[in-house]
Every structure is written in structure tokens, then in C-alpha cells.
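Common to both upcoming complexes is chain A, partnered first by chain B, then by chain C.
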Partner chain A sequence: MKLNKGKFSEIFESLLRIRRFEEKAIDIFSAGKIPGFIHSYIGEEAIAVGVCSALEPTDQITGTHRGHGHCLAKGMKMDRMMAELYGKATGYNKGKGGSMHIADFSMGVLGCNGIVAGGIGMATGAAWGHQILKNNRVVACFFGDGAMNRGTFHESVNVASIWSLPIVYVVEANGWGISCSTEDSIHITDLSERAKSYGIPGVNLDGCDVLAVHEAAQAAIARARSGQGPSLLICNALRMRGHEEGDPQKYRSKKDIQKAKDNDPVTRFRSYLLENEILSKEEVKEIEDRIEIDVNAAVQFADESPYPDPVEAMADMFVVED
Partner chain B sequence: MAIKILLPKVSFVVTEGKIIEWLKKTGDPVSKGEPLLVVETEKAAIEIESPGSGFLGSELAPVGTVVPVTTTIGYIVAEGEQSPKLVLPSEQPIITAPIKNHPEANQGKTTEDKWMKVSPLARRTAKELGVDLTKINGTGPNGRILQEDILAFAAGQDQVPLSDSSPVGSTLPSQAVTHDPVEIHEISTLQRITAERMTMSFGTAPHFYLNVQVDMSQAFVMREAYLLEGKAKAGGRLSFTDILIFAVSRALKDHPALNAKFENDKHYRFQNVNICLAIDTPLGLIAPVFHQADRLSIIEIHHRRVDLVERAQNNQLAPEDLVNGTFTISNLGMFGIDSFHAIVNPPQAAILAIGQIAKRPVVVNDILELRPTLWLSLSVDHRVVDGAVAARFLKTLTVILENPYKTLMKQD
Partner chain C sequence: MREITYAQAINEALTEEMRKDSNVVCLGEDIGVIGGNFGVTKGLQNEFGKERVRDTPITEDAIVGLSLGASLVGLRPVAEIMFSTFLSSCMEQILNQVATIRYMSGGQCTIPLVIRTANSLGRSGAAQHSGRTEAWIMHTPGIKVVIPSTPYDAKGLLKTAIRDQNPVIFFEHAIAYYGVKGPVPEEEYTIPFGVADIKRPGKDLTIIAYSMMVKKALEAADILAEDGIDAEVIDPRTLTPLDMETIINSVKKTHRAVVASEESETAGVCAEIGYRISKEAFDYLDMPVERVATADVPVPFSPSLEEYMMANTEDIVAAAKRLMG
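Let's turn to the complex of A and B:
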């Protein structure tokens, strides 16, 4: 694939930023400082990065409960993200969203949400809006393989197909819907086959290969932008950790977990860059050091930020029509 | 700089955790993300990953310690670095010497046996009543502690502190008890063994059950004849149980597949037909053996039965009376039970449950007749035989019981 060095570097940084952010968030969660849940995206970073690196800044995305990666890949900042996880007033959503409900419309992040398949309808609606407004924007809609069995998936993909909406459906096929294996819940092995029934293109990808995802996303986004309608990208990348932090994963074999770890997308891309001499060891180290500093600064920012004033509890919660 | 090992807040509902096992020893090299210890919380037992890389420090919270989440339970130190002093809440002891070697560590498989098995309800009840779980002997499967165990233990405990802590003049000490009182009975060794063996059998041997009604008219006549004869010879009262042991021993000879056991993925067929008879005694259930019953005449079976039952009631059975059984018969007919399903007596393949003989309507040559009948129910370990094999055995047994003279003539 023809990318310039700057783009390679940007993709690597994006992968690493998500990884380090989440590792830190997990440590802090274990230490009891982050309330609620942490659903780690570790092992699936190449999907958000591969897709978002092919989007324009004005394009939009919807994320999932496992959404830190989507937000960061779309360009959201680690400090306000971390503050949101802490429930601090300086967080993107003033601490009301937490880990699972981060949104920033200015960055094109329509929102992560805790409902499985909850984002599919929203993303499809947004794409319809862009079509009506003729603003040339595309929406990338992220969801898991578990969400593919929800009714909203069928209804949304169907309507997007018949109306040729500017949207890309990105399935993060990590093999598990909490503790239920995809094998036990979907009776086809190539999930992209489902695209056929909607008359749209479907591709089955190695979701740990960021360049493969990027390339497929580029094609799907171009198709969407040119008015040819939606595509279905099945990005296969096993979860490296539990469904949520603290999940003992008794339902999963150690072999399956090891398989995920052996196919670490960040390690793979780092090796690719070094082996192909796209980046030098020094350049990689420089990026790693810089991100380490950024993550620590984000933690410090979150630590030092105030909690919201209780009188603000109901603010921003309802739209009041004039 | 030493890295703190925290008891992690693994979930937002978890408030404390118990250290079940350290998977590494003091001084062992550890790397970040590697499984370091096993912690049990209200929700589950979880492998905790190492928070950093280095060497496991010399002061650790010992196995069994329960601490609130986010408590420091040890340190990871750099090479040659002094391990910081560990202080646990409420002055719980600390391991300072090198901790014991864990040969099975990392295998993960065997550690489960060491985990205390407690039902979530029992754990909550114990917490509410302030009962120390380590003092409880669980009565659930594999020693799992159940809520009843906690209540039983608490009821036993209550008697002491209540008299001390009740306000003077209080006439209703039971008000202080937050649950209904429970009476505890110590069980006999026999009852304990029965519990263990039945749990083992029901948990490991997949049971299936075959039921058949047998016409006992002929056996009835035969027994009456024997009773008349028996009085004359002082031979005692031949019982239906004797006839059943006799019939089963002959049927088993023709169906050796049921006179067998399942072990290590193999079938072992016993060479002798040794029939156990379940007997209710003051100390509990016991099943002495009629060795080589297929070679005993019906009268010999009768004498052996009278002898065994008497000694069983008086707790005088010898060890050799209880070994090498290959098949068991349990008869509850004398209590008016029509039919029941028994649990296989391990390691045997099957047990025959016998109900009462009663006059029941049966169709004979298209005419409804009243006949003395008996319900037999055979419980079978499916690992040893399949339904058809067991059914053929039961068919043979039915034929013998319905035509006892034929078999008697053949044998005696």
C-alpha cells in the first residue's frame, strides 16, 4: 500500500496511544480510582485506527461500550478522555458519560454507548442526514459481532442499502459476545456473507493488520462518499483481555487468549515498520517516549481535576425547546 | 523503585478479596502482565496479573488473608533492591520468610481443589452473621459450603454468646437471633460414608432407570408352599426378598454385562455374582454381601439373609461381610412403597429397587384380573451398559420371577 512516512507514523502513534491509554486506565481502575466498568479494546486497536485513519476530519463515527479506541483514533485527547473515565468535571462529557458514553460532536464522535447495537441506528440516521444535506460526509459505524444478531443491525443495514446511504459498517469480530462465543451464536463462519442479503459489498479482514483494515476502509469510504451506498467490513481480532476488567474468562481456553496475544496488532505493526525500515528504532522509541509522557500527563490532569459540582447533576441532560 | 502489588478492584461491586495462592515465590522474576496470584472475591476467583516487571519482594500478604480492595499486598522490586516493609490493615500477619514452594503453580488445574468452595448465598450469610468460613465443613458437592452449613454453625455458636450478651432480665433471648434456630445432629460414620458414596455415584455415574411390573402369582404360591414346609422343618420364614435375591443371582449369571464396573475407560466384569442387600439399621444404611449368590440354593440364601440382617441390626457385621459386592438390591416394599428409583452403589453397574407386592389389576388373556404384582425399578450406570442390555436382563429376571419353579428345578 502506498502511504507516506508521515501517515505510517501517524497510524503507529494512534495504535500506541490507545494501547498505553488503556493499560494505564486498567491500572488505575484496579487501584479503585475509576468508577464503573472498563471494557478494554486491547487487541482490537488496528480496527479503529485502520478505519479512522482513512476518514476525513469532518466524517463521523459511532463507538461501542468498548469505545476508548474509537474516540482516540478519531482524534480525541487523552487528558479529557481520562478525566471522563474518572468522572471529573473536565471530562469530555463533564463526568456524566464515563468510560462507555464518551461523545464529542466537534470531533465527529457521535457517541459510544452501552447498548449492544445501540449505535447502528444512530449512525444510519446520521448518514441519512448527510445524504439529505448533501454535505459529502461519511459515517463509520463500529459494533461487535454480537451486535450482528440484533434487529437494529438488519433494519439499519437494509435501509442504508436501499437508500444508498454514505455509511461503512465496521464489525469488530472479536469472537465473543461477553461470554458467548460467536461460533455458538452465528451459524456461518464468514460473517461477510451477510452482506449479500442486503446487496452490498462485504469483506472479511484480518483485523489485527492495520494496513489491511486501512485499505479496505479507504475503498468502502470512497464508495460511500460517491453515493454508491454502504459496505460491511468484518475485521477479525480476538479480545486479548476479558469482556470487562475483572472478568476471569472461565468460559475461554487459555489457548484462545494466547492466540490473541500472539497476534498483537501493535507489536505486529511495530515489527512491520522496523523490518521494512519505514521507521528507525530511534524514531519508534521517540514516539513511545512521547506517548508515555502524554499518558502520564493525562493521568495527572484527571487526578488534579475537580469532581463536578452536585448542583450540575441535571445540567445538559434534557433538551428544552424554546 | 518498588512497585506496589494492590489487591485490585476487579469490579465496581467488589469490596474485598481473599488471597488464594501466590503463583510466584519471593525472589522469582516476574514480568508485567504475567499471572501473579489468585484472588477470590464475592464474584469469582481471578488470576491477577503482575502490575510490573522485576522480582517478587520478600514481604507478602499470606494465603488466606482477606483485605479490602486496593490494599497493598506485596511489592515487586528491582534486582538487589530491598523490599519495602508491608503493613496490612488490622495488623494481619505477613509472610517474611520465603513462601512455600508451589509445585502445581502455573498449572492452574490443581489449584482449584484447594480453593474453598462457598456458594455466594452462603458467603453473604456468613458475612451477615459474622461466621468464619474457615471453620465450616461444607456439606455440598465436593465440600462446598452451603447456606445451611452457615446457619447450622451459627445456631451452634449462638448458644454461648447469647447468654452473655442478652440484656439482664430479657425473657426473649431468641429475638437476638436473626434466623430460625436449627438443631444439629452429628452423623455416624456410616451416614457420612453413605453421603460421600452416594454423592460420588450420582455425580459421576450417569443413571437411567427401567421399570417393570412383575406378576408374582407363582412366586406367591411357591412361598406359601415353602412356609408350610418351613414350619415342619423349622427352616424359618422364606421371604420375597430371598426369592428376589435368588432370581437376581440367576439372571445376572445370564447377563454378565451388568455384573461389572466402569473404571479408566474400561469395563471390568466381575467373575463372581456377589449380591448386596441394602439394610436399614439404627446406625444407618448398610449393604452386606451374599457372596457367589448364584451358587447358593434358595434356602441357603434365606439362612444367609436371616444371619446378615440380624448381625447388621446389632452392628456385628464383619469386614468380609461388606466387601466385593457386584450388584445391589434395595427393598422398600415392607413400608408400602410401590416403586422408587435407587442410586447405584459404586463401583457397581446397577441397583434393583423393589416395591411392595400388592394385588393389582392386570390384563390376562384380555380379561381384567387381580394378581399379586411387584414393581421392579433398575437404576443403571450408562457408562457400563446401554438401555437394551439392561432391558434384556430385566426381561430374564421377570421370566424367572413369574416362573420360579422352572429355575428352581434347573438348579436344585
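Let's turn to the complex of A and C:
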């Protein structure tokens, strides 16, 4: 596919930012500095990056409980994200959301969501709003294959299809809903077939190939923006780690985990760039070094930030009007 | 002053707010072409078109999701969920999304949406169409609960709800739509949330009632008056926020309170208001607070069965007489 060097570089940087942020967050979580729990996006980076790199800055997304990648791919900053993971006052959500609920409305991130399929309704509603307001915006809605079995998925995609809403449904088919395999959850192997029941395009993709995701997303986004309605992108990418950090994955074969590691989307894209001489080793190293500085700065920012004043627990529920 | 029905009052509020603000949109099942299952939205689609008065499939979960998303990008959606029992089909969206998104984002967004729905006890709807589900929502921080008893209150409060920057669930009543008429001025007015209305002043005891129970409470007050008992009837009108000050001031004066509601008896609005009276006016009470509510069984279909389990005028009279010794 035809991209300029700057775009290749930007995509690689975005993939690597997610990977390094996640690795760092896991380390810190293991050290006990992050409360709650963490669902790592490792192994699925190509999906968020492939899609978000095809969006306009004014377009919007909704993420999931495994949502750090969505936020970073849409351009959110590592430092305020890390602070949110810590529960610090300087976090994007002022410490009220945590890992699963990071949001930045100014960047078009309508929020990650702790409920499987929970964000699909609001993403569809945002798309409906854009249609009414005629503002030419598109919404990309991320969720896992597990969410495809929830009613919210069906109700939302159904309405989006009959109203031709400007939205792209991006399925991160990672093979597992905690311990329940996709095979044991869905009676078809090609999940894109579900699109047929809504009369919308469905595409089955290698979700570890960032360029394939980017290309498919571009087409789906263009379709949505031109008023032709939603698409369903099935991006297949196995989870490289447990459902959450600390999950021993007893339900999963070593072979399945190895398969995920062999298909690492970041490694694949790095090799692609080097083999095709799109980026030199030095250029890759320069990007890696820059990200390392950012990640460490994010941790330092989170470490040094204050916890919220406890009375802040009572603020932000309602808009208080004078 | 002219008198109009409760349904007409709601229709006027919607029409006026849609004329005033092009960002107000309505959506729901059967609200457009036929003007709503209860005829409340009649004429809206003719005036405002199919895009702003949107008929949806039978899809309560998506109706709430659509409303939430649209509110996040600048619209002011007013959704209709036909019966308040159907809120159960979209409770995930209401409890986990609508109620939490602003708070969890640290106040980044506003959610100016209204969900209109109808309570409907007393119509032989049986258990699935006889909702009184306001306690479910009152129990959920992050959503305002409005529950008017008169056409005047319905119109003024709905206009306030549509203009509010926060999510509001607006409980109407299927019997009130055409069974309750009342004076409503032609000119513009709104009613603020959190301000109870004294529907009947009195000095001997306080009856707190809302929605269709206000009518029954007023009937009970008339019956009690024949026995020389002067009851004050207070309608809180909104449950979140709840105007306890008016209630407490009344109880301090009367020293006796009955809390009456159509809801199931256990763990409901009456329990909450009753507790707060006991806590805040303990020294003024001559008797424990009485509760009048519907029996804790699913609502039966047959009129005689439903009548038996419902909270009625006579139940309020009996409770008041127990208080008066």
C-alpha cells in the first residue's frame, strides 16, 4: 500500500508507544503501585493503530477495558494516562476512572469502557449525532469478539445499518473472552459473516498486520463518511498475555500462546520496515530511544503527581448550574 | 385559566422546546407516525420531520445508547421508553453508562438527555406493564428523577429537564395522560428541580405522595376532613434532587407523617423518605412514620386482584387514622 515515509514512521512509533507503555505499566502494576487491575493490549497494537491512523483528528472513538492502545493510538499522552492508572489527580479522569475508563473528549476519545459491549451504544449514538449535525465526522468503535454475543452489539449495529450511520465497528478478535474461547462462544468461524445479517460490509483481516488494518479501515471510514453506513471489521489477533495481569491462563495451551508471540504485530512491522528499507536501523533506534524517554517521563510524572483530595470523590457527578 | 390533560401538557413542553432549540431531538418506539403508544408525541413528526422525531425499532438498549452518544456530541435527545418496566431492557446503559460517564471521566462531558417513560399501575397491565420503577433510578447516583402528578408540573418540569445539562429520567403515568386534567397557563414557565409543592395545606398530619398517589392523597385528605382531621399533602415532584426541607418543615408542624407511593413496599422511595423524616425530625414526631405502598407481589392482571394489592385512597385514610389514634 502507498504511504509516505512519514506515515510509516508515524505508524511504527504509534505501535511501539503502546507496546512500551503496556510493558512499563505491567512492571509497575506488578510492583504494586497501580491499584485495581490491568488488561494489556500487547499483541493487538496493530488494530488500534491501523484504524486510528486512518481517522481524522476530529473523528471519535470508543475503547474497551483493554483500552490503553485505543487512547494512545488516538493521540493521548502517556504521562496523564499513566497518572490515571495510578489514580492520581493529574490523570485524564482525575483518578475517577482508572485503567478501564480513560477518556479524553477533547481528543475524540469518548472513553474506554469496563462493560463488554458497553461503549457500542454511545459510539452509535455519537455517529447518529454527527449525522444529524452534518459535521462529516466518523466514529470508530472498538470491542472484542466476546462483545459480539451481547445484545448491545446487535441492537446498535442494527440501528446503525438501517439509519446508515457514519461508524466503523472494529472487532478485536483475540480468541478469548477471559477463559472462554471464541470457538466455544460463536458457532461460525468467519465472524465477518455476521455483517450479512445487517446488510453491511464485513471484512475478515489479519489484525497483526497494521497495514492491512489501515487499508481496510480507510475504506470503511471513507464509506461511513460518504453516508453509505457502517462496516464491520474483524481484526484477528491473539492475546499475547492473560485476560488481565496475574491471569495464569490455565485454560490456554502453550501452543496458542506461542502462536500469538510468533505473530507479534510490532516485531512484524519493524521487520517489514527494515527489510523493505523504509526505515534504517538508525531511524528505528532513534524512534525507540525517543519513546523510552517518554515512557520514563510518564512514570516519573505519575510517581510525582499528588493523589486527589479525598473530597473530590463528591465532585463531577452533576453539572452544577448557577 | 384553561385546563388541559397531562398528555397535552407533555406534548406542549416537547413542542415548545423543539421550536426553541434545534438540538432537541426525540426518539423512541412508535413516537413519530402514530404519535406514541399513548399519543403523547402526536403532531411532533409533522412539525419537525422524521429526523428530529425518530421512530426506532423495538430496541430499548440502543435507544438509550443512541441518546447518550448523541448527547455527548451536542444534541439534547428526549427518548421515550414506552413503559417504565421496559427500563429493565436498557438498565445496563442507564446504570453503567448514562449515570457514570461524566463522573468517571472526571467531569469532561455533559449528558443533557431525558428519558421519558410511563408508570402504569392500575390498568390491568399485569406484572410486565404495570411499572413503578422510580426507586431503581433513585438508587442510582448520577441521574435525576422527575415524577410529576399534574399537567402544570409535568409541563414545567419537562421543560426544565430538557434544558438540564444532566441526564434525567422523567416518570409519567399512563392513567394520568387522559385521566388527569388541570390548569396550565398559555405563557412560558418552568419549574425548578428539588422544590416540593404543597398540594393541600393542613395542620394535623403530613401526607407525602407523588405521581398518581397525589390524587389519592388529596381524596384521602377530603375524607379525613369529614372527621375533622386536617391533612397537609406534599408532592416532592422530583426524587433526585429531593426537597426534604419542605417535608421536614411540614412534619415539624404536624408531628405525623404518611409516605404514600404506588411502588412495591420494600426498599423503595417511601423507605428513604421515611428514614430521613425519622432522622431529621425525630424529636417532633408523635408517632412512627407510616408507609402506604403496594404489596410485595408481581402485579396481577385481574382488576379485583390488582385492586386488592394496590395502595389506594382507603389505605392512606387508614394509615392517617392510625397516626391520629
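Operating definition for what follows: the second predicted complex is superposed on the first by the 318 of 322 C-alpha atoms of A that agree within 3 Å, B and C clash if a C-alpha of one lies under 4 Å from a C-alpha of the other, contacts with A are read in each partner's own complex, and residues count from 1 in each chain.
The working rule: a contact is a pair of C-beta atoms (placed from the backbone, for glycine too) under 8 Å apart; a residue touches a chain by one contact, two chains touch by 3 or more.
In this text, all values refer to a predicted model and were calculated from it rather than measured experimentally.
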Touched partner set for A:H130, first chain B, second chain C, both or neither: second
First (chain B), second (chain C), both or neither touched by A:G97: second
When both partners are placed on the shared chain, which of chain B and chain C touches more of chain A: C
First (chain B), second (chain C), both or neither touched by A:N158: second
First, second, both or neither for A:E283, with chain B first and chain C second: neither
Overlapping contact positions on chain A, where the chain C interface meets the chain B interface: none
Residues of chain B defined as touching chain A within the complex: 6, 8-12, 14, 43-47, 51, 69-70, 108
Chain A - residues contacting chain B, complex: 27, 29-32, 35-37, 244-246, 248, 250, 254
Residue ranges of chain C touching chain A (in the complex, touch as defined): 25, 51-52, 56-57, 59, 61-62, 64-75, 77, 92-93, 96-97, 101-110, 141-142, 144, 164-166
Residues of chain A touching chain C in the complex: 60, 91-97, 101, 103-106, 110-111, 113-115, 118-130, 132-133, 137, 139, 151-152, 155-156, 158-159, 162, 315-319, 321
